[in-house]
Amino acid sequence: MFSQRISIRAMFLTICVLGFVPAALAQDEAVSPAMFTVNNTWMLVATFLVFIMHLGFACLEAGLTQAKNTVNILFKNTTIIAIGLLTYAICGFNLMYPGDFNGFIGFAGMWLDPGAEGQTSAYAGGAYTYYTDFLFQAMFAATAATIVSGAVAERVKLKSFLVFSTIYVGLIYPIAGSWKWGGGFLDGKGFYDFAGSTLVHSVGGWAALACVILLGSRVGKYSDDRVNAIEGHSMPLATIGVFLLWLGWYGFNGGSVLSADPNLVSLVFVTTSIAAAAGIIGAMFTTWTVQKKPDLSMVLNGALAGLVGITAGADTVSPASAVIIGLIAGILVVFSVRTFDKLRIDDPVGAISVHLVCGIWGTLAVGIFSTNPEHSFIIQALGVCCYGGFCFVAAFLVFGLIKITMGVRVTEEEELTGLDIEEHGMESYGGFQIFATQ
Amino acid sequence: MFSQRISIRAMFLTICVLGFVPAALAQDEAVSPAMFTVNNTWMLVATFLVFIMHLGFACLEAGLTQAKNTVNILFKNTTIIAIGLLTYAICGFNLMYPGDFNGFIGFAGMWLDPGAEGQTSAYAGGAYTYYTDFLFQAMFAATAATIVSGAVAERVKLKSFLVFSTIYVGLIYPIAGSWKWGGGFLDGKGFYDFAGSTLVHSVGGWAALACVILLGSRVGKYSDDRVNAIEGHSMPLATIGVFLLWLGWYGFNGGSVLSADPNLVSLVFVTTSIAAAAGIIGAMFTTWTVQKKPDLSMVLNGALAGLVGITAGADTVSPASAVIIGLIAGILVVFSVRTFDKLRIDDPVGAISVHLVCGIWGTLAVGIFSTNPEHSFIIQALGVCCYGGFCFVAAFLVFGLIKITMGVRVTEEEELTGLDIEEHGMESYGGFQIFATQ
Amino acid sequence: MFSQRISIRAMFLTICVLGFVPAALAQDEAVSPAMFTVNNTWMLVATFLVFIMHLGFACLEAGLTQAKNTVNILFKNTTIIAIGLLTYAICGFNLMYPGDFNGFIGFAGMWLDPGAEGQTSAYAGGAYTYYTDFLFQAMFAATAATIVSGAVAERVKLKSFLVFSTIYVGLIYPIAGSWKWGGGFLDGKGFYDFAGSTLVHSVGGWAALACVILLGSRVGKYSDDRVNAIEGHSMPLATIGVFLLWLGWYGFNGGSVLSADPNLVSLVFVTTSIAAAAGIIGAMFTTWTVQKKPDLSMVLNGALAGLVGITAGADTVSPASAVIIGLIAGILVVFSVRTFDKLRIDDPVGAISVHLVCGIWGTLAVGIFSTNPEHSFIIQALGVCCYGGFCFVAAFLVFGLIKITMGVRVTEEEELTGLDIEEHGMESYGGFQIFATQ
Amino acid sequence: MKLVVAYIQPGKLNRVKRVLAENKITKMSITNALGCGQQMGFTETYRGVPREVNLLKKVRIEIAVNNEFVKPAVAAITEGAKTGAIGDGKIFVIDLGECIRIRTEEVGEAAIG
Amino acid sequence: MKLVVAYIQPGKLNRVKRVLAENKITKMSITNALGCGQQMGFTETYRGVPREVNLLKKVRIEIAVNNEFVKPAVAAITEGAKTGAIGDGKIFVIDLGECIRIRTEEVGEAAIG
Amino acid sequence: MKLVVAYIQPGKLNRVKRVLAENKITKMSITNALGCGQQMGFTETYRGVPREVNLLKKVRIEIAVNNEFVKPAVAAITEGAKTGAIGDGKIFVIDLGECIRIRTEEVGEAAIG
């Protein structure tokens, strides 16, 4: 009963508003203090695991881009988490979980307020406290903007990006989230997204796509007749990033059980691990076959692809299905990266392929592999479309407006010199001889 | 009731000595085995989180200094944790928690001894076992020396530093700690320091200040009329360091609740996160305004500043107060770094600004923002002064004595060549072309 | 009662087969749901900690080898975890825990099957679920191959290594494991290996030794009359690796308690920490004395040596014994590295010294320091021999067969150019000027 | 025989190489260098301290050519590297006494190409 | 015109640049180099194995000057880099045949400064 | 006096140094360089995109010698670096006008060794 992310908080707010306890919640066996404590402890562990994903993103994005833009990327990833936490406290949380609302948009008021019972086991049937709930969700919020950060790297204006992130994380992400996890209209329709293949990853991915289209490709990436490789500057950094993301995913998915339920959490750990492993194997064989030599950066993307793919159904598919979901995600990501390059959509770290493409795949996969007969492919597809339409358009408008007003792109000269010196006046690797003719 | 760090162990030892159980502890409802287990498990999770802070310090300090001294810094940080753990086992723990004592200094004997009941729920009312208690506290101990390590980097003699650290961690830190957490005289006065803004961070910061004064600045840092920048060699390493420190802080503060109490631990997680976020924002705006360009290393310091600032009151201030505490800390740290440079106190990584200045700010902030009416600004200030006086003088004497006997500084030639080759006979980045004219 | 790794699962399978519940398991006080949840939660925390060890290995091995082979090492470590998880799901788990079997080899069938009660507290007396059990063990499995990866680095053919790893992790590791943890013949004899000094580390170490002998040394490592140093390319990476390994060890050893028992888990945390610290101190003094200058890479190996050493007896020795075990391991590792170099056994990262030599030491140390009178030095030595014989021969045969059929070594030209360009067609540090004349 | 040494902006290397190739000059050696010239550099700030950087990244190209190729080489480099802005770079031409191809031990003009 | 090539200790670069500037020589190109000279190097130990390092870090300065500036340039470098200890470095002077400023296509003496 | 400049394969540096030492040439300066020659380079793939790398890693050796040492130096470098395969490298010999030892301010032939 804890498996649906929305129920508890939505119910709780409803209760507060309506002033009575629905029978469903007057559970026969009350949760013991110890159970409340272990549930809440697990949710806090999951919270710090999701936190570390932000370091994972920072490392991965920095590693797959050039050394001359590293300070810039690290700066963005450090400030995004701050922006994410604060905007989510100010308005995001109450936009995403507005309690009883029209199903499209609602708002439960500014800032945090645990109320009288928020910090007791009454808040969520002994699963977690109000503050735990807030923080766990807040850690997710910043992720969406971080996904964009990788795709627009090496050419976006810092200020414009920060403004965009603030709006996207503070308003658009939580409104979109409310449709499902807040108990909105898609939740009513039976759409399922366990931990956010769509609600987090695709939401970030659609924005990434919109922004990249508005921004254009990096200087020198595409010449008249061909695609040029712009190499990332540190594979160890990229690898550290992916392992940290994988680690964080245990909290991302494991925490989305919204309690420490041994059965569900352990199942989720296994499906998550196995999908990541299968993603690696899928990407490895694909890149080895297609590119002749096995490409580490693709295999790293493969692990993430598997993880994004399993996220929507981690608690409702069997480990065997997780293998298939992960394998396909791993294969998909390699072809997707190549396809976007052919379309001249320049995404330095493969964020759109990993988060958008595999996020869609994962969401649809629930309709195929779920052990819960109520899940339907059609409804899953509907959800994908609703989110795609809203997020892409919203991101396009916001970023487009910023483009008109503040501009979104650094000058060509700034881009060639590197954002580190131009935007931050400092270098990332003081003293190191770096040979860059790009 | 677990919120005061000292009470339980102090009481327990008192009980052992007095031989009877005070009424206060004969709790009506005994803690269930499951509750004992979850409390203890959380404390162990907090312990490994604090452990990882040592990697955070190693990365941050290495990243903000030159490539030619990296092996040296890593070596110091690796051995300090070993020295910290062993000295704390030998004498530190029993100096810091001497049981019933005169309030200034006491000693419960050498080495560890859980006794008959130490490993049962009787030890701390079901909150944790004796060994958990020891290890959690031991992980804190080494932190103080690590703070010094950053401030004296790039010029201190390795051996002298190791001797100093051993004494500081083994004797001075625990004696100072006993005044409050051990149930000493400052605890009696009502001084409050939840997780160690003063007891850990300022204690380290004062020593850093004393050592830097005795040691002098790095060659070339200050010329007659101006301050010269000596750039750190790896911003990714510094960023990894800060994120790991932040991660560890969830254990540092969250574990200082000394139980898995859902209400308090989740509140502490939220205030900690929000203060860090506000610290980033505060530092970002300050550096952007003052230096014209946003400085990543300052923003990283800002996150730490917010964390150090919230540490003293993480469980007694509201999330809204945490924003203010963090913001001010983030602004403070930028100006503090500049001021110390004007005073020609050369602190390569900003350790004094982060740990001492913001540690003081955080301790005083409890007097301003605490929701507990018993906390008083005057008493907090008194605590700051007591610690400042004792630690500064103690560190000055110890390091001064080492200066006279062993010397504390490498020769200018060794400094120019780099400590890696001179002290360790090896290089940190074999094969990399590093251009250093410093 | 949870301290012996084998008992529960072995019993459970026996029960399934025999169809009745032995009296021993019909515990008087049934485990409460909260206790089941906290036990399982801890085991999952331990699982993600062991997971992060794979990042630790990747960083350590990359850091101690040359920049031109970094992509290759990262690639191996990323794929090994995938191979490990999948083969363990396919057959490893059921080979290692075959239930009631002849004590030498047994197989409980392909793939995972929790059965009706696997996900309830009935599975392991409320300690963990079936999926938790599987995943925790699966994370261990890949470790054995990762140990080999470091020893054969910089010259092994990628494909051959992947084939070898698959066989070693999928078949040999679990068969060897079944002898003790699966309830096999060595378990019957009273052999003790708490968390795997022998079952994991030596099993990996023997394979490393066999492979290195078959593979030969790197070009230029040994010339007619002398040993040449081939420097690692990044000490920060190596240090990050060791700290992450240490962190993971809290799960490796702490999780091997197989429940969240406060007494045992906290004892294990303390012995583990103290042995690592003592290993650092032991290695530091040895390298300082023998090599005149303190060698960071040796001190890092010292920490690991202490950790490997304590692993066999972490729950049955006192903290004071842990100091001795760690110290000796730290001293041993330094001399061992030198000795293998004299024997011209070329192990770039010291894997054989750390995992095999200290693994043996740790296993024998149980016979010396255990507080459990049933543990015997003779039996421990017998265990070491059985594992040594089996694993060395098995690895030698498998790798020898691969050598004959596919070849195991890259050409000299490929080795000189570096595996990154030759095997992967990419570079690890795009743009960095790396000066390598090796 | 002459040795042509040119310092150019790093970002212009690919264009210079292309123009050189069009002029049948395909052999060259490249090093990264730091240059101090009319271009003034820029000011970084590191931790609140301004830091003047007046050593800018340049690429050094070294090409050994037979005499008849000096003009085309200089012209090609100029064409590829010139933007008209300060910092475009400089070309130096030095007399080359001898040239030996290690592989064949050929010497003189035959060894250059 | 001459090309002055100097190898100096890395730590002396700033001083050399200062003295050169005092002599109105502000244009130069710098590369990092490894030098083998009378200075013997040192012995590192890596994992118990001694390792002789006899390629020491040096900075290579290349300055194109008109003839009347050769003496001042050499004197300035010497002043800035000299400590009297082994390893101070060396200066080489080579005839420079031609010099071209890419930006303006000026040639010869006018292009140098 | 001559300045001998050689580009060789990085892996051959140690052998070249050894042969040079046998010929009593122990002073030299080394830089890492990228070379474009007959050796065609190789194709990397990065994220599915092929990438032609035709700047290969080389080591640049610069040795100032007195005239009687030119032949031995060239012979020694050739001996140490030659494998007969494309990419072995090249040697350039330039007239050296002057040489100054900074430490002693000696000039000319005395300063070289």
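Think of it as A, B, C, D, E and F in the order they're written, each chain with its own count starting at 1.
The working rule: a residue touches a chain if its C-beta (ideal position, glycine included) is under 8 Å from a C-beta of that chain, and two chains touch if they have at least 3 such contacts.
Only a predicted model underlies this, so the values are computations on that prediction, with no experimental measurement involved.
Participant: Suppose you list every residue number at the chain E-chain F interface; are over half of them used by both chains (same) or under half (different)?
Facilitator: different
Participant: Could you see whether C-F or C-E has the larger number of C-beta contact pairs?
Facilitator: C-E
Participant: From the C-alpha centre of chain C to that of chain D, how far is it in Å?
Facilitator: Roughly 53 Å, centre to centre.
Participant: So the centre of each chain is just the mean of its C-alpha atoms; given that, what is the distance between chain A and chain D in Å?
Facilitator: For chain A versus chain D, the centre distance works out to 47 Å.
Participant: Indicate the whole-number Å distance between the mean C-alpha point of chain A and the mean C-alpha point of chain B.
Facilitator: Taking the mean C-alpha position of each chain, the two centres sit 33 Å apart.
Participant: Hunt down the residues of chain B that sit against at least two other chains at once, touch-wise.
Facilitator: Correct list: 32, 34-35, 38, 41, 45, 231-232, 234, 240, 291-293, 295, 297, 425-427, 429, 432-433, 435-436.
Participant: Which chain D residues touch at least two other chains?
Facilitator: 31-32, 34, 44-46, 94-95
Participant: Mind listing each pair of touching chains for me?
Facilitator: According to the stated criterion, the contacting chain pairs are A-B, A-C, A-D, A-F, B-C, B-D, B-E, C-E, C-F, D-E, D-F, E-F.
Participant: Flag every residue of chain B that touches chain D in the complex, lowest number first.
Facilitator: Contacts found on chain B: 227-229, 231-232, 287, 290-293, 295, 297-298, 334, 337-338, 341, 350, 435.
Participant: For chain A, which residues count as touching chain B in their complex?
Facilitator: It comes out as residues 32-38, 40-41, 44-45, 47-48, 51-52, 54-55, 58-59, 62, 70-71, 74-75, 77-79, 81-83, 85-86, 89, 111-112, 119-121, 128-132, 134-135, 138, 158, 234, 237, 240, 423-433.
Participant: Mind listing the chain F positions that touch chain D in their complex?
Facilitator: 2, 6-8, 31-38, 55, 58, 60, 74, 77-78, 81-95
Participant: Flag every residue of chain C that touches chain B in the complex, lowest number first.
Facilitator: Listed in rising order, the residues of chain C that touch chain B are 32, 34-35, 38-39, 41-42, 45, 49, 66-67, 231-236, 239-240, 242-244, 246-247, 250, 254, 260-263, 265-267, 269-270, 273-274, 276-278, 280-281, 284, 291-297, 299-300, 303, 319-320, 323, 429, 432-436.
Participant: In their shared complex, at which residues does chain F touch chain C?
Facilitator: Within the complex, chain F touches chain C at residues 10-11, 13-14, 32, 42-46, 57, 59.
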